[in-house]
Amino acid sequence: MIDLRSDNVSGVCPEILEELLRAASDTAPAYGTDAATEALNDRFGDLFGTPVEVFPVATGTIANALALAQVVPPWGAVYCHRLAHIHTSECGAPEHASGGAKLISLEGSDARFSADTLAAGLRAALGGIAGRTHTPPAAVSLSQASERGTLYRPADIAAIAEVCRSSGLILHVDGARFANAVARLGCHPAEITWRAGVDVLSFGATKNGAMIADAIVFFRPGLAESFRFRQKRAGHLISKMRYLSVQLERYVRDDLWLQNARHANAMADRVATGLSAVDGVRLVHPVEANEIFVELPTALAAGLRHQGFGFSHPEPDMPELVRFVTSFNTRQELVTQLIEAAVALATCRSTLAETKGEPT
Amino acid sequence: MIDLRSDNVSGVCPEILEELLRAASDTAPAYGTDAATEALNDRFGDLFGTPVEVFPVATGTIANALALAQVVPPWGAVYCHRLAHIHTSECGAPEHASGGAKLISLEGSDARFSADTLAAGLRAALGGIAGRTHTPPAAVSLSQASERGTLYRPADIAAIAEVCRSSGLILHVDGARFANAVARLGCHPAEITWRAGVDVLSFGATKNGAMIADAIVFFRPGLAESFRFRQKRAGHLISKMRYLSVQLERYVRDDLWLQNARHANAMADRVATGLSAVDGVRLVHPVEANEIFVELPTALAAGLRHQGFGFSHPEPDMPELVRFVTSFNTRQELVTQLIEAAVALATCRSTLAETKGEPT
Amino acid sequence: MIDLRSDNVSGVCPEILEELLRAASDTAPAYGTDAATEALNDRFGDLFGTPVEVFPVATGTIANALALAQVVPPWGAVYCHRLAHIHTSECGAPEHASGGAKLISLEGSDARFSADTLAAGLRAALGGIAGRTHTPPAAVSLSQASERGTLYRPADIAAIAEVCRSSGLILHVDGARFANAVARLGCHPAEITWRAGVDVLSFGATKNGAMIADAIVFFRPGLAESFRFRQKRAGHLISKMRYLSVQLERYVRDDLWLQNARHANAMADRVATGLSAVDGVRLVHPVEANEIFVELPTALAAGLRHQGFGFSHPEPDMPELVRFVTSFNTRQELVTQLIEAAVALATCRSTLAETKGEPT
Amino acid sequence: MIDLRSDNVSGVCPEILEELLRAASDTAPAYGTDAATEALNDRFGDLFGTPVEVFPVATGTIANALALAQVVPPWGAVYCHRLAHIHTSECGAPEHASGGAKLISLEGSDARFSADTLAAGLRAALGGIAGRTHTPPAAVSLSQASERGTLYRPADIAAIAEVCRSSGLILHVDGARFANAVARLGCHPAEITWRAGVDVLSFGATKNGAMIADAIVFFRPGLAESFRFRQKRAGHLISKMRYLSVQLERYVRDDLWLQNARHANAMADRVATGLSAVDGVRLVHPVEANEIFVELPTALAAGLRHQGFGFSHPEPDMPELVRFVTSFNTRQELVTQLIEAAVALATCRSTLAETKGEPT
């Protein structure tokens, strides 16, 4: 299959693999007391231009779950978009890690919510009959890139952070595709994190070329207190932690993370441009990272699938909505091939319809 | 204050108090092994016309939380109305008791959701990208009476139950005001519970004349397995359990529960009729139990409050929305007094407005 | 049955019942915002001679569970005696309420542990391979009176508190029978709580004459922060909270709690003295509260049981170990009757044995 | 440092590394739906000679925690040795994963408990005052090899399993060093697992040559039901799961796991034999796997440490107790070097003592 179902179907990028090879035969202390892990705080501090505390973990799900659990009480409410990965696709991991916190969903087009929507949601929560007995708002989580491949600009985040600050809430970013966002915005990573008011970030690497490695990055001093215990009891204090840490170190060295992301984004642009021009295809969201959401006529989708292209249908109630995801190693020929196939199928379909006198 | 803020501001009805007095000096085994508690299964079995397992508890919140925790896995999803008490007003008790289950909210007018809305929600949950990794639907919870004082008819419940059955979900009813529903519908309690497909009921008594006593009623054989452990670890295996049990026993004996509810409902009707006729007042939901939701001009609300009437504002974003709740011992003179006060205030306001040449 | 199995088989003492009657028909705000509940902080502050924060709850189990959950992280360790009620008899309630905290048991005769034993246990926990990855000590819990009816003196508690302070641990007291302890020691309640270094107390009333009422008393300022949320999500923010509060208010007024406890203690002394004198009976622990633990020849136990006396066997591996518990309303004639029955049975048994030439 | 502190300080064995390289650039479906993961059930079924369900995970801690959480209710009790890793070194991971289960510790020499000790512990739990309200026994967990490097024989396990069966308990084995056990016992892996009555196994690979890979192996049909949800919400449904699976596949292919373990065991024997012969050194436990526990005079330990040998002190209260762990790649020269160093230090010390006329 020519698999564009997700970016986590891709393998490991050569640079990271090389680094793993180099470290493979070393002897080193376990449970994150090795040199590679201990160097991460400085390394990520340099990257973000501010002191940080970094914890490598094995999945993006646990990065989100532990980050949130660390900053909300078991009875706290976390505000996020209705389509947020933490809300729809983590099988209750944040609820489990936090001991019962509640996710409250917000609406917003293109899978983004605004500062105003957040403020309105908080007002509803802080009054009324429910006032004394509901789950008190404790944190806000936004996805960068979002679950529909769109981005929050620095000003969007700053406005949301301002609402958080005035209500005493912590701001978390799910950055499973954080590299794609930074690469596209062309900004310093600080501009869409701590400088804009973000307190803690799930920093993804696995979807963008690592083997198994994501990280939690705490920006606010003191916020990571006792985190090591939380990580251990979640079974995420990896025994040979160094093999996660060397991946992360290499990932952020020499702009590898941004190079990988830039390629994925460029391929996404090509897919978007190419498919948009196809008869009957409609781009549903702006393509700002490496995900393309289009409406595809059912017959066209079937034809592509028949030719070996893999993609997904994110909404069961919207059979025409299709998602393609490009990755650090998506080959340009493949993209061309996809577009040509779509064009050919659409033309053929159009011709057939004309022949039969049917509306196209 | 003439307190119509809720039905739990009322005291204990004389018949139940008398029963407590009678039992007060007895010696009896602890932790629910006493005769009064052990007789409850039979007593409620007679009431519902089917074998049941009944567990007395101290609050409606824990009745809901333990009932749901008993029937869903820690990663399960519970579908309920957006305004459901379990979702808005229990501070995460179901999430805590169940070890992290997730509440998914449904829309619907008058605080009720339909079988169709439920079915659509389930379809969305059972497909798409999220299909393999989301919290799987496990239970459905409806409130009878609803959080806006409206009722589900036997056919409504049967339709919802049918959706549950076809998806393998358990159906729970939050019956904090179950008596008001039965009294109004004039049906046998079986018709809106097990015969319609309900598996477990939070059976409220506290709001309708008990001192401290609610119960969980399991209708489906086997569903209560090991429940005693769950109850104990939640701190709800009451030491002198018999003092809850005698309240419940008396509550359902000689139709006391329905008499109390009928009175509260009748008073609610009077309030609704009286206030509806007042200039500027609009009834927002049909009054089917003992709660009245009206839009009240701000000045009128202020005037009533000034005269000592207590009521609540359920929605912080809707300052004109006001809730009155009547109870088993709401006196008719008081209702008359409330309506007269409202009429007088409205007239006065109208007159003033006319005098000033303002629109009313 | 003449039931001496526990003090929670007794009913409600008349003074508390009278108070419930007085409050029964009042209208009052719900969820602990009523005047009776709001007055408790001052009332208990007077009792203990220091500012406190008091929360009424429905069971001793939840008093312990919520008190501990409030002061330890989900990964924290609580040190307690091997026989502690929280460890053996609450079905994991502290583990549940805290989200997974671990109870570590300590040894010690007569169900009490010493400061030295605690210090040794902590040393073991704070070093070794386990040092980086085990559950860190967070709190210590002692039972006053203990699970074998013995007491900690002010100096014992102060020594334990000193160990706690030097390791940064919170000290909790399970005072299900706190009244019996104060009555026996003849001390001010402050002397065995905050003045000795206790941070939080489960204050029992149910076993000593209340109907359904215990309380959590926080002595350390700030320790109760956000506790209301914890209480609500546990389903223990009782709707008509006032009916717990008036019990507690009456319980501590006019020394009622100590009068009740003094009677129970005096009856326990009589049982102890009387049974000790019986041939073949051995007092196993000093009787310092209202529980008597004796070794009773099997035939004698069977004889007493046959005559209608109820008692319990606390250790399945020690069939001769028997527990009697007296209560606020145990009648003196009944105690006399028990002792006479034991004497008669022992004599008869002795006589029989002599006749048969058997050893007694 | 010549690091013998643990076997997880070693790197990755070449065969497994090669396999990772081979798989690195492939495209494959995520979240365990890839071919390598899907083949594991058959591969491990062949290995154990019975149908099994296998789930790869990233750490031994989560293998234990999820295995236990899967087989006990949140209020269940798990019986294990006082020194069990799950009890002392996982920071409450089993308690967290299970939602509050309780670990009950058993005594036994050489870190093993017997079937008799278990049976006695269960008797104590199933009677007495606590009978109705304690955490009911639900599972038993033994460590193979044990936390002191000793082994349970097939007959030992069968006897324990018999006690489990008769009480309805699940039997779990923590096999972090399972390979070392099988290699030493020379038995088929079935003989110390399912054929002896084991229901679920934490199968370690990381300590014996893998990079990051352990597995949970369910032997009892149906026991893994819904496990995928549990794994996901714990953040352990690894995105690129195939990179764990290929490690595990290679690990058990061509007896690699046993070859690695045999080497580690052989090196452990050499250390044990060599050190035992040193003056003042006492072997504390039989060496049956790859861990050596000795009492080492403080000066000797200091001398070795000074020469660059790394080892650990497992008991803070026993400063002379020292643990060495050998691994799949421990070089024989290094072991020789260690022993020679110890001999030299002991001789020197003895000579010095003689010179000074001190007792040695």
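Quick notes on this one:
Each chain gets a letter, A, B, C and D, in the order it is written, and its residues are counted from 1.
Everything that follows uses one rule, which is that contacts are C-beta pairs under 8 Å (C-beta built on N, C-alpha and C of every residue); 3 or more make two chains touch, one makes a residue touch a chain.
The model shown is predicted, which means the values in this text are computed figures rather than measured ones.
Comparing mean CA positions across the assembly, the chain most remote from chain C is A. Interface comparison, A-B versus A-D: the higher number of contacting C-beta pairs is recorded for A-D. Rounded to whole angstrom, the centroid-to-centroid distance between chain B and chain D, based on C-alpha atoms, equals 52 Å. Between the Cα centres of chain A and chain B there is a gap of 41 Å.
Chain geometry summary: the mean Cα position of chain A and that of chain D are 36 Å apart.
For chain A, the set of residues touching two or more other chains reads 74-75, 90-92, 95-96, 99-100, 133, 135, 229, 232-233, 237. A complete topology is adopted by the chain contact network, contact being made between every pair of chains. Remark: chain B residues 31, 33, 73-75, 99-100, 132-133, 135-136, 226, 229-230, 232-233, 237 touch chain D in the complex. Taken together, the chain C residues at the contact with chain B in this complex read 1, 3, 5-6, 8-12, 14, 17, 20-21, 23-30, 57-63, 65-66, 90-93, 95-97, 206-207, 211-212, 229, 232-240, 243-244, 329.
Those residues of chain D that touch chain C in the complex are listed here as 74-75, 88-92, 95-96, 99-103, 120, 123-124, 126-131, 133-135, 312-317, 323.
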